[in-house]
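Paired with chain B in one complex and with chain C in the other, chain A is shared by the two complexes that follow.
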Partner chain A sequence: MMNREPKQYSSGEVLAPPTERYTILGWLHKNLFSTWYYTLLTLVTLYILYAILKPSLIWIFTQAQWEVVVANLRLFMVGQYPKDQIFRIWLALDLLAFTVGLAWALFLPKERRVGAVLVIIPLLLASLPFISSYSRINWILFAAIGVAGWALGRWQPKKMRRPLIVLMLGYFPILILLISGFEPILKLVKTNYWGGLLLTMLLAVVGITLSFPLGILLALGRQSELPIVKTFSILYIEMVRGVPLVTILFMAQLMLPLFLPPGMKIDNVLRAMAGMVLFAAAYMAENVRGGLQAIPKGQHEAAWALGLNGFQTMFYIILPQALRNVIPVIVGQFIALFKDTSLVAIVGLLDLLGIASTVLAQPEFIGRQREVYLFIALIYWVFSYAMSYASRRLEVALGVGER
Partner chain B sequence: MRETVAKVKTTPEQILSLSEEDRSAAIERGELPIVLAHEVHKWYGNFHVLRGINMEVYKGEVIVIFGPSGSGKSTFIRTINRLEEHQKGHIIVDGTELSRDVRNIEKIRMETGMVFQQFNLFPHLTVMQNITLAPIHVRKWPKEKAEEVAMQLLKRVGIPEQADKYPGQLSGGQQQRVAIARALAMQPKIMLFDEPTSALDPEMIKEVLDVMIELAESGMTMLVVTHEMGFARAVANRMYFFDQGQIVESGTPEEIFSDPKEDRTKLFLSQILH
Partner chain C sequence: MKETTIPFWRDERVLKWIAQIIFLIIVVASGAYLYHNMMTALAQRGLLPSFHFLKLTAGFDIGEHLIPYSRSDTYGRALLVGILNTIEVSFLGIIFATILGIIIGVMRLSQNWLLNKIATVYIEIIRNVPLLVLLVFWYTGVFLQFPRLKEAKILPGPTYVSNRGIAMPWGKPTETWHLYLYVLAFGLLLAAIVWWRLTLIGKRTGRMPLVTVWSTLTFLGVALLGWIGITLIYHQAPLAIDRPELKGLRTVGGLELTPEFLALLSGLVFYTAAFIAEVVRAGIQSVSKGQVEAARALGLNGFQTLRLVVFPQALRVIVPPMTSQYLNLTKNSSLAVFIGFPDLYSVAGTIHNQTGRAVEVTILMMAVYLSFSLMTSVFMNWYNKKIRLVER
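And then the complex of A and B:
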């Protein structure tokens, strides 16, 4: 804590450390061929890459029949969601673009990469040859609304602060309302029509959004001085962590009805969501607890000595530091949760993976496993990578590990 | 001939029998002590750390507590704002007795500020936020007022230009001065210091001591655990020598330095005054 180098110099004052400059050949020599065993390693690696990539690329570009993806694109994206209601999903996306655009202008004005995500990626998607013109227009609209949000934020930064916070807090309920509908304005769309990437994303978003606060509460409960709260938290955390997620999903599908009063029914998707949230919360609790324990006792004492009560000490002093320190772990858990949503296919839900099996069951696409699984793997990878990249940027922005 | 260990004149009953207004008035006039410790005992398990501490501090006095490592100095000063619980005896701060009653603890913590050896600034908040946090959330001041007071305090401790930096960007001496400003922002009646300069490099000790001397001269009631004998000589009204959980000797700096009565005090002074 003491005698740290100041970390925020204005840019002109300090020169960056000198960087070495190479020619391409020099770089190659230094990094790949500097000794005989480096050379050997480089050659072996190159050969393995060649052996894997050549047949893969040949297959991808000449033999694979991508029709199965193109023809079922809507199924993969939204499942059986009624065609005439898809505008609601676009509405949810547009609201997201607007929110991100605003947040970009207000919170991260220097972060150009947000712009790339908000503008370049949707425009790239819009230019894909095989998508419908309806989607094309909507992707362009998405980019335009994102830019509009950004412009509004630049123009009225002070006035837009409050609306932005309302939007950020309200986005989750609005999203659920939009997708599920509310009579009489928006037709109800039952959860068994939700499918594909839409369902995968909803499972992940619900799981992440709800398990986070629940996990914090459990972590605090575990440290509580009230014996009942403490015992309950410990029992809960240890029991859930001792059981695989699939088991919990099956329990939620098969056992939950036993506990509910007869006549009361919860549909499959909600059950799966509940299972995921309860599962993830236990792990979240342990991550947060690790962060809490790493905060030195002096921080509590300084807060108490100033007259802050237990809640204020936790809320203003301990939790912000604890959470900041465990961001990498938490994001890692979010990514795991996102990928774990694929387990709901086992209990019969039609998420991205579940849709894949129904597509493959269509007679005209029998034997197209490679294409289908490669496609959904790509989707999982893109989202997981995006999350881990965002978390690294966030760590840098918050100075995690520097304190 | 003076007694080496001060017997406290005041009994807890004397304070507690008065009405709240009468207590404050008497403390204000200097007739009753603002801090009274009466036969205070504390154990860590079987280990008897505080063995019958008696001390009375009147408004505006500066008290220096010193003694060998492990003698219970920190433990004692931390019982005064209940960072440690005492198990026997009475501690009465500004007319309020410390007990299990949470309201009393909250009241006393609002009236006492504490400065720690390790500064304990909040690393995720700026200097300004460190100072204004408690006034805003505990005293319920509006943000503008809290920031105005904070700025005055930063000027008083000599670092107004650091307001927007984070603690990690300051030197040790600057951090400790922020910690003093943070404690003062709550406008406490009593300031507790636990070895405020021991974690500092020698060249930074003076800047912190200067702030403390200025504070003492402004009339603040202060209890200071320190081995900075220059500070004691300059501003202390009384000094207490702790050893093995007891007060072995007390007196004015003059008495302690030129005429220590107890052998243990002499030995200890000869060691640290080298």
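And then the complex of A and C:
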């Protein structure tokens, strides 16, 4: 055996493991053609891929008639929302951009890549060939405001902390006020004029926001030592989780009006929102319960030993930790809820999916189902994928689950 | 020294009961208030809750029914047709989604770069699009775009593929069919005995034979022998092939699958398979690499490693989330209404439109879905208990 002189390294230097390097042929051999059956599998798969992709791509680029999307873009985005009031939606978006920019600068100063998305996506949208110049300007404004918020946060990180928290907590009521309006300053826009992507988004946001307190109460009820409260919570949660969302929407549409005192009426959209909230609350309760159960018992005991009573233990010690841990799960639930809002189309609301049927009923666009539904699917996909990507990055950046 | 007692307003046990009683009063009072409002509203419309309407004549047609049904049947029977349709589509959906999901999940772990990427892209696309959108696209964009029946694509069989769905040859029971059912029952019995004996042998010797394979083979053998025997003795096979025929504007005979059914089933299968694939992948990845290496070191071959070491351990991680996927599929089958397949929700909706009985229909519908959920989770919990790790 040969004794080789060990190579001398300067102290503390740690070499990274050697990276594997292949030639192109080597890579192909290892990943696609390593054995005869892998080779066969690869070839068959390639053929199937070719057989599916070729006609699809030909259709998308040469045969599909995308005018139906371009002509109805506003309908898809905001539905019947009055044209002269659309600036309110932009205002809400700009406020969102500002808040997100600020939050990024304060909470994740090191995470640049996702922050850049805030600029790149609106600019990309602004450069789409078929949108109106009004939207174009507004998207550029959106990006600028986002950057402004970020810059402000970088410049005054200490001073902006409090305003940011106020903004984050106040965003939801401001949003609702902006969209629905308040006399005499902003014209009232009734909920049955809300539609398209706007309605889809609002349903999801309202669902998750209002189900949050309800869900926490139900989770606490399920954990409680009081048998009556516990039974009630379990019954509610399990019943809602045991039936499909459409049946709950069906109930909300048909039975909610019956429950109200005579003379009081609520419209379709509000009923659907009530249904979404009741539905989401049961799932939220289970998510929060997961967080509650993850808190070690020592925390309870320590709080009791310090002389805190039951309420104080819950609200100062347990809940803050539990809720911090379930943030990623709640983001996941929001994405699921965003997709689930499409079911309101079944009970006749004009959300993104519901409006598609209206568009397809126009005589000049009959038979354009593929184009319209592909476009809608793309919108849903972009939003869900972007949100889940962002939340994954956020989890890593915040170190959730680590201490 | 006088013993100090806690006054009752600071006694925790008393306080707890007071809190519960207050809670109960609030719940009951608000429930009663809502109930009162409902009854007033219903009385105004002359629709006081009762289930008598179930015995009235339905008067509407249902496109697909597993049991005989015509428009002169009752609402109750219409509802039953809807329930059976839901069960049919959920049952088939669960089976196919499991198979496809396992295939995609294994592809996701494959060393083959192409398969791996295809599985990843598939999962990322499907999971981020609402099922309802997929279903509508699948129905209107694919199944309704097939050629008209006159220009139908004819596959060997003959199988007609058109925008009216698929019509294909299918077995039709003949006079000897009921006899053959006895043979099948006997085969099942024999397979059970083989299963039992082999498990016993496996327990005694410590070498588990291929129990599933042998008992399946037993059943198939009996089924085959019975088929040949009956055909030879009675000169008639238990099943005759029924081929679809083109008659005017429709096909007659064979098995007819409507585009609604096909779109719903395949939509549910493709959607749920993406979720099941992730469950399967997580399950297989949860088995630590050392287990595989240890099994190989003990001299097990690849297949044995999978069957005896990886799979039983992965199953424990897989079963609970799989249960919720099955439940989701069953609940998601209610989206059928949007593409016109007559499932429970769709039939219930029609009944509500005709009778105006919102409360009763809602109660019935929710009760049925709840019992589906309950049955599935009871079965899966039982199965989960069976395969659970037995610890000392």
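The rule is short, and it goes like this: the second predicted complex is superposed on the first by the 331 of 403 C-alpha atoms of A that agree within 3 Å, B and C clash if a C-alpha of one lies under 4 Å from a C-alpha of the other, contacts with A are read in each partner's own complex, and residues count from 1 in each chain.
In this text, a contact is a pair of C-beta atoms (placed from the backbone, for glycine too) under 8 Å apart; a residue touches a chain by one contact, two chains touch by 3 or more.
Being a predicted model, the structure only gives us computed values, none of them experimental.
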* Asked: Which partner does A:308 contact after superposing on A: first (chain B), second (chain C), both, neither?
  -> first
* Taking the superposition as given, does A:299 touch the first partner, chain B, the second, chain C, both, or neither? -> first
* To do: Would you check which partner chain A:32 touches, where first means chain B only, second means chain C only, and both and neither mean what they say?
  => second
* Hey, is it chain B or chain C that touches more of chain A? -> C
* Asked: Is A:370 in contact with chain B, with chain C, with both, or with neither (first, second, both, neither)?
  -> second
* **Partner chain in contact with A:80 - chain B first, chain C second, else both or neither** => neither
* Asked: Of the two partner chains, chain B (first) and chain C (second), which one does A:259 touch, if any: first, second, both, or neither?
  -> second
* **Contacts of A:268 with chain B and chain C, given as first, second, both or neither** => neither
* Asked: Between chain B (first) and chain C (second), which, if any, makes contact with A:316: first, second, both or neither?
  -> first
* To do: Report, in rising order, the residues of chain A that make contact with chain B in one complex and with chain C in the other.
  => none
* For the chain B and chain A complex, residues of the former touching the latter -> 81, 83, 106, 109-110, 112-114, 116, 118-124, 133-134, 137-138, 165, 167-169, 171-172, 175, 179, 182-183, 186, 199
* Spell out the residues on chain A that touch chain C in their complex, using ranges where they run on. => 31-32, 34, 38, 41-42, 45-46, 49, 225-229, 232, 239, 241-247, 250-251, 254-255, 257-262, 335, 339-340, 342-343, 345-346, 353, 356, 369-370, 373-374, 376-377, 380-381, 384-385, 388
* To do: Could you pull out which chain A residues touch chain B in their complex?
  => 1-4, 6-8, 296, 298-299, 301-309, 312, 316-317, 320-321, 324, 402-403
* To do: Quick one: which bits of chain C touch chain A in the complex? Just the residue numbers, please.
  => 16, 19-20, 23-24, 27, 34, 37-38, 40-42, 44, 111-115, 118, 124-125, 127-134, 136-137, 140-141, 144-145, 331-332, 334-335, 337-338, 345, 349, 352, 358-359, 362, 365-366, 369-370, 373-374
